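Read the structure below first, then the notes.
In this document, chain identifiers A, B, C, D, E and F correspond to the written order of the chains, with residue numbering beginning at 1 in each.
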Amino acid sequence: LFSVDERMNMLRQVTAHLPNVRVDSFQGLLVDFCRERNIVAVVKGLRAVSDFDYELQMAQMNSTLAGVETVFVPTAPAWSFLASSLVKEVAALGGDVEHLLPSAVHGQLMKRLAERTKP
Amino acid sequence: LFSVDERMNMLRQVTAHLPNVRVDSFQGLLVDFCRERNIVAVVKGLRAVSDFDYELQMAQMNSTLAGVETVFVPTAPAWSFLASSLVKEVAALGGDVEHLLPSAVHGQLMKRLAERTKP
Amino acid sequence: LFSVDERMNMLRQVTAHLPNVRVDSFQGLLVDFCRERNIVAVVKGLRAVSDFDYELQMAQMNSTLAGVETVFVPTAPAWSFLASSLVKEVAALGGDVEHLLPSAVHGQLMKRLAERTKP
Amino acid sequence: LFSVDERMNMLRQVTAHLPNVRVDSFQGLLVDFCRERNIVAVVKGLRAVSDFDYELQMAQMNSTLAGVETVFVPTAPAWSFLASSLVKEVAALGGDVEHLLPSAVHGQLMKRLAERTKP
Amino acid sequence: LFSVDERMNMLRQVTAHLPNVRVDSFQGLLVDFCRERNIVAVVKGLRAVSDFDYELQMAQMNSTLAGVETVFVPTAPAWSFLASSLVKEVAALGGDVEHLLPSAVHGQLMKRLAERTKP
Amino acid sequence: LFSVDERMNMLRQVTAHLPNVRVDSFQGLLVDFCRERNIVAVVKGLRAVSDFDYELQMAQMNSTLAGVETVFVPTAPAWSFLASSLVKEVAALGGDVEHLLPSAVHGQLMKRLAERTKP
């Protein structure tokens, strides 16, 4: 729905008040991105048990490939059911997702979906 | 394999002896379908733990979007391994699924698969 | 920490505004309690995946023993981490659980814990 | 509820028609029992996902300690909800578990529970 | 990435030192393959809990269809994070997977990926 | 098996080469310990999926009680089956756990178990 540049811009908007956040992108392997920048650990959010099994597999692969460790931070329980794919699907079918998104992101999502359904 | 109308007809056949069952279909969001008909709760079957994680996510989204609650009913254990996708796959490869389906559904599945493999 | 009678009283207090709730207790098997009262289904809350495995086992046993079905209702996600044993443990160690309990229950829990630690 | 000897006798009764089954018992570590008898693999039943996590841990420990491998055989789905602890609990509360046990075992369970509740 | 014949050849290479291994392939249902050869049991590796749920479903279907039992052998824990799809993905992005594969397989994977990216 | 002081001494021995590790103990709630020392996050190891469900519950409770976040670090896969309770149980039954423990800890475990079984 959004290009990498569009996503990075949205992330920059919603993290603008956090001085120690930098938004970046990469192609190829995450561990190569980490090695080039001397990044020793990756932080990931965890929502549900089903996330955990896959993320653990990725974490152990990245540790084996390049010594990059992964630390997991659990989602606040009130938002544990939110997945971006589900939010996009609900919005595309006309559901009201305004309370589930930062308002800047919500505006752009509405605009993009309106463009898509135009003749 | 079957259109929405074909599926609804099969459901009507196998529930014909249950006077309080009505078969319906919808487009768009389940919660919109519920709101239009003043439906306050959705009943879903649960087979395995892996179903639960995804269904819980959907249930919490629907509760948040429109106050529609979901109640889960566990499958009889003897049928807990049955998924419609698996049954269709086995039948397409020539496996005998007669004991796994209502006979009206089995007949239509065999007929459809025979049509598909015709030259 | 609380007797059956004390728990029933607390449940009556916090459900007093719900006219269709009746609080009762039983000894022996849940399915016998259901049979004597012509109860055909039991409703249980589900918090996490780990609850589900055990509850599914109980549900299938009760269905086999007496045809009593169990329907599961998921917890609101914001409270999915709350277990009564955890709340009691935190309170016993001096943690503030006021925001996690109905206020009538909180008062009685504080009183009981104070009695217990008296010389 | 039953001593090791009583359990072994019940197992011998219910496997009497299987000529290649031998019932034995041991004290100490399973891997030592295996080593003394040149047993290279242990077969265990698996009922639910929650069994699997613990059994996998034991299997990997036994493989590390003594090269003893564990192979898992899944329960027939119709019995996946049966745990001996649950059956004993239901029977002790007066539930009818006759259809859940071999008849020889059922008889001895009923007799033992009757002895226990005698004055 | 590899045809069935290429995969069978790689399997033959890495199992050449095991005299009781035979590599074969089939089309259609696994249970039909078993029936034609009087195979009574299938052995499958299990890595993670998320594997188990799906494999249990398949095992119970195969048992129901043709009495073919499935026995599961857990992966050595040091390799529990390895999935062939993940290894291929990492290799395609330039990651070093030499320590994760038998050397004969690694050579052919590198060769195939090099052919694919040629102009 | 070991007192809090004995455990702290063993932890100090096995972390002696890590200058930024300090071993401490507390009574009462973890979140109170954190508050008194301005600790904003707790790091915990995660082995298996079954750990995760319980740890997530604790993490969300601690976040709610005092804003203390929990970050999870996965175990190296080769040690994912190791739990201290299992190691102690195996050792008590005479199993060789030398390769599963730091040698200083192993020595003290052997000594303690020998004392316990003395007449």
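The criterion applied here is as follows: a contact is a pair of C-beta atoms (placed from the backbone, for glycine too) under 8 Å apart; a residue touches a chain by one contact, two chains touch by 3 or more.
Keep in mind the model is a prediction, meaning the values are calculated, not measured.
For the touching copies subunit B and subunit D, the fraction of interface residue numbers used by both exceeds half; the interface is of the same-residue type. When you average the Cα atoms of each chain and compare centres, the chain farthest from subunit C turns out to be E. Per-chain CA centroids place subunit B at a distance of 32 Å from subunit E. With centres defined as mean CA coordinates, subunit C is found 37 Å away from subunit A. Averaged Cα coordinates give subunit C a centre that lies 47 Å from the centre of subunit E.
Counting partners per residue, subunit A has 48-50, 53, 56, 59-60, 77, 80-81 as the residues that reach two or more other chains.
Contact between chains, per the stated criterion, is found for A-B, A-C, A-E, A-F, B-C, B-D, B-E, C-D, C-F, D-E, D-F, E-F. Residues 48-49, 77-81 of subunit F are the ones touching subunit E in the complex. Looking at the complex, you find that subunit C touches subunit B at residues 43, 46, 49, 52-53, 56, 59-60, 63, 69-74, 76-77. Within the complex, the subunit E residues that touch subunit B are 28-29, 31-32, 50, 53-54, 56-61, 64-65.
Against subunit C, the residues of subunit D that register as touching in their complex are 48-50, 80-83, 86, 90, 93-96, 99-100.
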